[in-house]
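Next come two complexes built around subunit A: one with subunit B, the other with subunit C.
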Partner chain A sequence: MSQPSPSPSSTPFKFPTYHASYPPFFTLQPNTSTLTAQYRKWSRLIQRYCRHHRLYKLSLTSTIDSPLFKNTELKKRLSLQDARSVLEWMSRDEGGRRIEWVDQKGRVVDGRPREDTHDTCWVFWKRPEEWGDVIAAWVEETGQKGVVLTFYELVNGEGTRGEEFHGMDQELFRRALSTLVKRGKAQVFGGEGAEGTKFF
Partner chain B sequence: MSARRGVGLSAFQNRSSLSTSYASHGASLRSAHLTSLQTQLSVFQSLLHNFALQHADTIKSNPTFRAEFARMCNAIGVDPLAGSNVKGKSAGGGKGIGSLWAKVLGGDVNDFYFELAVRVVEVCRGSRGENGGLLGVEECKELVKRGRGIGGGMDVSDDDVLRAVKSLKPLGSGFSIVNVGSKQMIRSIPKELNTDQSTVLEAIQVLGYITCSMLEDNLGWDHARADTVIKDLLGDSLVWVDLQAPEAEYWSPAFMNDFED
Partner chain C sequence: MFFQPLDLTTALRPSLLPEEALLFVQDAVGLYEGKYKLPNHQNGHAYLTTHRVCYVDNLEPRKNSVAVELKTVDRYEFYVGFLKSSAKITLHPKAAKPSVTSSRNQSLISAQLAAPSPPRSSSTSPIHRGSSPFPNARSGTSTPRPSNATWVCTICSFSNPVPLNFDPATANSNMSLPPCLSCGIKPSFPHLLKAAISNAAGRRDSQSPNQAPQQPLLESHGQYDANSSSEYTRPSINDSSTPPAKSKFQCPRCTFLNHPSLLTCELCGAPLLFEESEAAVAIGESIGRPESPGPTMNGSNSGLDNDTECVKFSFRAGGEKIFYERLKGAMVQRKWLLQNAPPLPDSYQSSTSGQPNIVGPDGIIRPPTERERTVGIAALERQGLQLRKKNEAVIGSAFEDLDALMASAKEIIALAESFSKKSDDGSTETNQLIAESAKALDMVTTKDMLGSSAGSESLYLSEMSRNLAEYLTDDAKGILRKEGGIMSLVDLWAVFNRARGGVELISPMEFEKAARLWEKLKLPVRLRQFKNGLLVVQQADRTDDKTIAQLLAWLQELHHTPHSDNINWDYETFGRGVTAQETAQRFGWSVGVASEELEMAEEKGALCREEGVEGLRFWENWIVEMSDDDDVNDDGIDVEPVHTVEDMEQVQRNLEDMGLI
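Moving on, here comes the complex of A and B:
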């Protein structure tokens, strides 16, 4: 179903027409039902953008001037505050929990979004459990159930080259595996740096 | 000679017999015509019947072909959509034909339009948040074409979409076709636009966007009037606002329909 995604920025990201040529897209709409539709569009766009560029985390202050939030041709931009609202919507249930705020140390932060604490977030174009499914499916397909595989092998090994999870963020990979452990589909052992896993 | 001159008394008798024979001949000609026309029509019907059955696949898959077929049916007073639930439009002479056609085409062509109608409803509902329930026929067609539903997109023409929306009528669903300017739009929320609102939407179609002062300058409206109309349209999700322009600009949501994601 999913072909290997292109490596970072090998092809330019193609923005949808409403981002390329529709100025109101960059102003959060005053009408609630329109706004919800707009949030949904932004959410999908951000996920697709991050997926294209293989971004797992996004920092608002460093992305706000990127083409994602700023259209130089139209001379329109999503303001920092509005971008934060979009992400905040994405972090909620109605947004499918597609992002998760973290602080500088990578710890998850909750509560109302504030300028000083809510800058960086995970962008889950695949949620950890979805990643888990992808990895489990690969193990199943390649007949490696019950085989001990190291983390390094799975993420960076030759065998997974071309797979979507090849070269993915270590921490996210760990989280993906832990969702599998929780569901009783895998077991993780070994210490930091030399962890291995076994799938059932 | 004398008979031809017709001046004698017998001429009266001749004349009356002549007119009766003319009349009877005329009647027989008329009936001959009628029977031959009836035969022609029935032959044509059966041919059309065969044609419809034979080309059912093409009718379903090729929008141009379908439009031509529909036009042909219309021309002889046959409505391909007049199914068992909708009484044939062609009253009188076409009554028998209407039901016949429902039987002939029911399985294929009717289903096609009902299926399309379901897609149209899906598309309208799906985009309601963005466009306030007013979707251009053109855009709807594109969305149906690129649809991601079961069975993928359907290749349809404007005409098909219009028919599909019409076929929803018996359901009392509130789906209707409205004309805004030169554009036909599908209204999926039963609400009337007032004249001012229509005017503004029309202007947006032509100019791309509108501002309060544009309305004031071009239509001679006072500020309150322009402001109210725009607020109403915003409230109904029928326009989107761009606040990063020198003066707030109001845009049509038609651009939002993009299934690239």
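Moving on, here comes the complex of A and C:
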């Protein structure tokens, strides 16, 4: 579980060969079984890409021209519409709920994807509960059960440097902890900006 | 000996000899040899050609199909059918003489040598037939002489004695017949013969019921045949209503026993044939009839090598009348004699010079060698002029009327072919048209060639279906091969109708119906429907899997042959995409067919598509097949679907609701 966490863009992202030199990858297939395989490949690619670049949120309009969706070598790109349907697939159960659409104010939206509302999404290369597991495992490993830790300490502190969750999005971190609270593994207290947590 | 083995075409129709033409086809036909049904030959098609009468079995056409050459037929008889007995046409073989038999008929000769007595003499036939159920029928009784036979005068109904010197086996119509003793009118020969025979048969039956009335000549008389055969089987079919051995027929209305030759009941006037026609209709509806009046020969041999006295074609679904008429025509025309005959002498030959024209090897009718001593260009021009005139005359007279056309068909075809050869520099389309119209003269299935019975529509369709299959698989024409083994039904319809030369065109609806019959008739072509509704014609053995394999093999090839375009991807790994146009070019398909085949392959997951500015390209499907890059498979990324607790609970609830848990 302990992946090296390279700082964003320190090494160039290595695209898989099918992205690099297989043009049909950029056309969504009409055959359903092929399409499912294609969605899975795209899902994996997007998650890897986001992890590599430490992206927790993705804005379609701003990334559609990024190398993720556009291969200038091949002169191929995934159209905005197709990219949206890939993300939509990822948001569903069959896609493992790997993304979550949010509106400008950061509220979760659902329903049929629309151009105006469905532009930005969380990309869960780890879902909140998976993040929670990672954090809980780290706490256990370092023997800090029952110790009160501040959020800042956990996310930005020296002690977590090199951990996957170091420097992660505050909001996502909060959601990860809340899944632990729900499961009774942690307790959150304190006010806005100075929250602390205690693991059991 | 009488039966010849029959070669079938790919469409399970008799393969015709050169010059042979199909005259008539009738389905639901059974075959008799002598008086006995031939096993395995009871449900088939009868094909009448100018040279042969063929029987093609419906169930096992390759095994049980036989033909009778018309040139070995001496006489043929027609029997209209009676009660349960269907109409029949009887063919009698010629008394075999070695000089008559062609080299093909070796078996015939040997059979004759084995049985030296001529088949028509009454002491032969059934005895020599090992397969006959009555092995020792009438040995010794060479010619039964009916001493007290009588015939009933058709005019005054007086019963006259049959003259003692009247022997049914040897009598012929040239004999002088004694007039009626009461009114003095001479009886007709068949009438007298019938009377004599029925007397003889009656007596014989009363003597020994096991003896079969086997006398080859007797069977040439349909009316008698009806009586004897029905009387023969009645005991087994319906014992309670068995009439006395003397053949009489019960009137269906008043139960009066009528004389068999009466068409209406003597007592109440009810038509006696009524029942028979009803039976015929019933038979037409279901060809596989459960019982038939004729006994079945239970020997296993089909009579191919056997000495046969006569062959009967039983028409269970009608069509016998037209068949008979056409048979009559064919027997009169004796087309088989023309097989090696020289072409018709042409009538336009030079009123100017007395020389016969010479038909050149290329079919052009050449003028006789020049008599005039002109030389140089003038001579050439004259020659050319004469040639043109001659050809003009040939064509002109050919179109005078249809008969003339048929008569000069050979020449016209030769001309058309030579024209098409000559005009090589001309447009190829014209060439093709001419060539095809020439070929069209042997395209045969037309409506008037088929029986007009109840099932004629389906017979027409099935015959056309076979015709089409033959046309498609004919190697000489190579229609399918030219189109890369697949062509759209519409194209085929156009080509086929054009090949018919503008006559007897087929309506699209019937054409489609006929094409849909291929599968049912187990013909070597098949009709396939693409998912957008396009109908195409293919060889039956050409399946989707084969097509896909073909496409994939080609795409594999492309891994090693870089495209001329500047390619900026790793073509050795993924190959490249192909367009429908390229595919059409590669396999000789039409573009429509190619794109349909590609989409079919895509549907099956073998290919996938790339939509781009240059159009649609198809690629090998690496999306499904290829695993994700090896180095990233253990990257901790999860793309599997989630199953939430609510989901599982929902499933659990559903199962409980259904009572499964």
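Observations, loosely collected:
Definition applied: the second predicted complex is superposed on the first by the 199 of 200 C-alpha atoms of A that agree within 3 Å, B and C clash if a C-alpha of one lies under 4 Å from a C-alpha of the other, contacts with A are read in each partner's own complex, and residues count from 1 in each chain.
Methods note: contacts are C-beta pairs under 8 Å (C-beta built on N, C-alpha and C of every residue); 3 or more make two chains touch, one makes a residue touch a chain.
Since we're looking at a predicted model, the values are computed, not measured.
Partners subunit B and subunit C, brought together by superposition on subunit A, clash. When the two structures are aligned on the shared chain, A:Arg97 is found in touch with subunit C, with no touch to subunit B.
Ranked by how many residues of subunit A each touches, subunit B and subunit C are led by C.
In the superposed pair of complexes, A:Trp125 makes contact with subunit C only, with no contact to subunit B. Using the contact criterion defined above for the overlaid structures, shared-chain residue A:Trp138 touches neither subunit B nor subunit C, since it reaches no partner.
In the superposition on chain A, A:Thr34 makes contact with both subunit B and subunit C. After superposition on chain A, the stretch of subunit C that runs into subunit B among 240-248, 582-590 or 636-644 is 582-590. Residue overlap on subunit A between its contacts with subunit B in one complex and with subunit C in the other: 16-18, 21-27, 29-31, 33-34, 37-38, 40-41, 44, 48, 76.
Residues 1, 3, 16-18, 20-27, 29-31, 33-34, 37-38, 40-41, 43-44, 47-48, 51, 73-74, 76, 93-98, 125 of subunit A are the ones touching subunit C in the complex.
Across the interface of their complex, subunit A is touched by residues 568-571, 573-574, 577, 602-603, 605, 608-612, 617, 619, 621-624, 626, 628-629, 632, 635-644, 647 of subunit C. Those residues of subunit B whose C-beta lies close enough to touch subunit A in the complex are 127-130, 132, 209, 234-235, 237, 240-245, 249, 251, 253, 255-256, 258, 260-261. Chain contact summary for the complex, subunit A toward subunit B: residues 14, 16-18, 21-27, 29-31, 33-34, 36-38, 40-41, 44-45, 48, 75-77.
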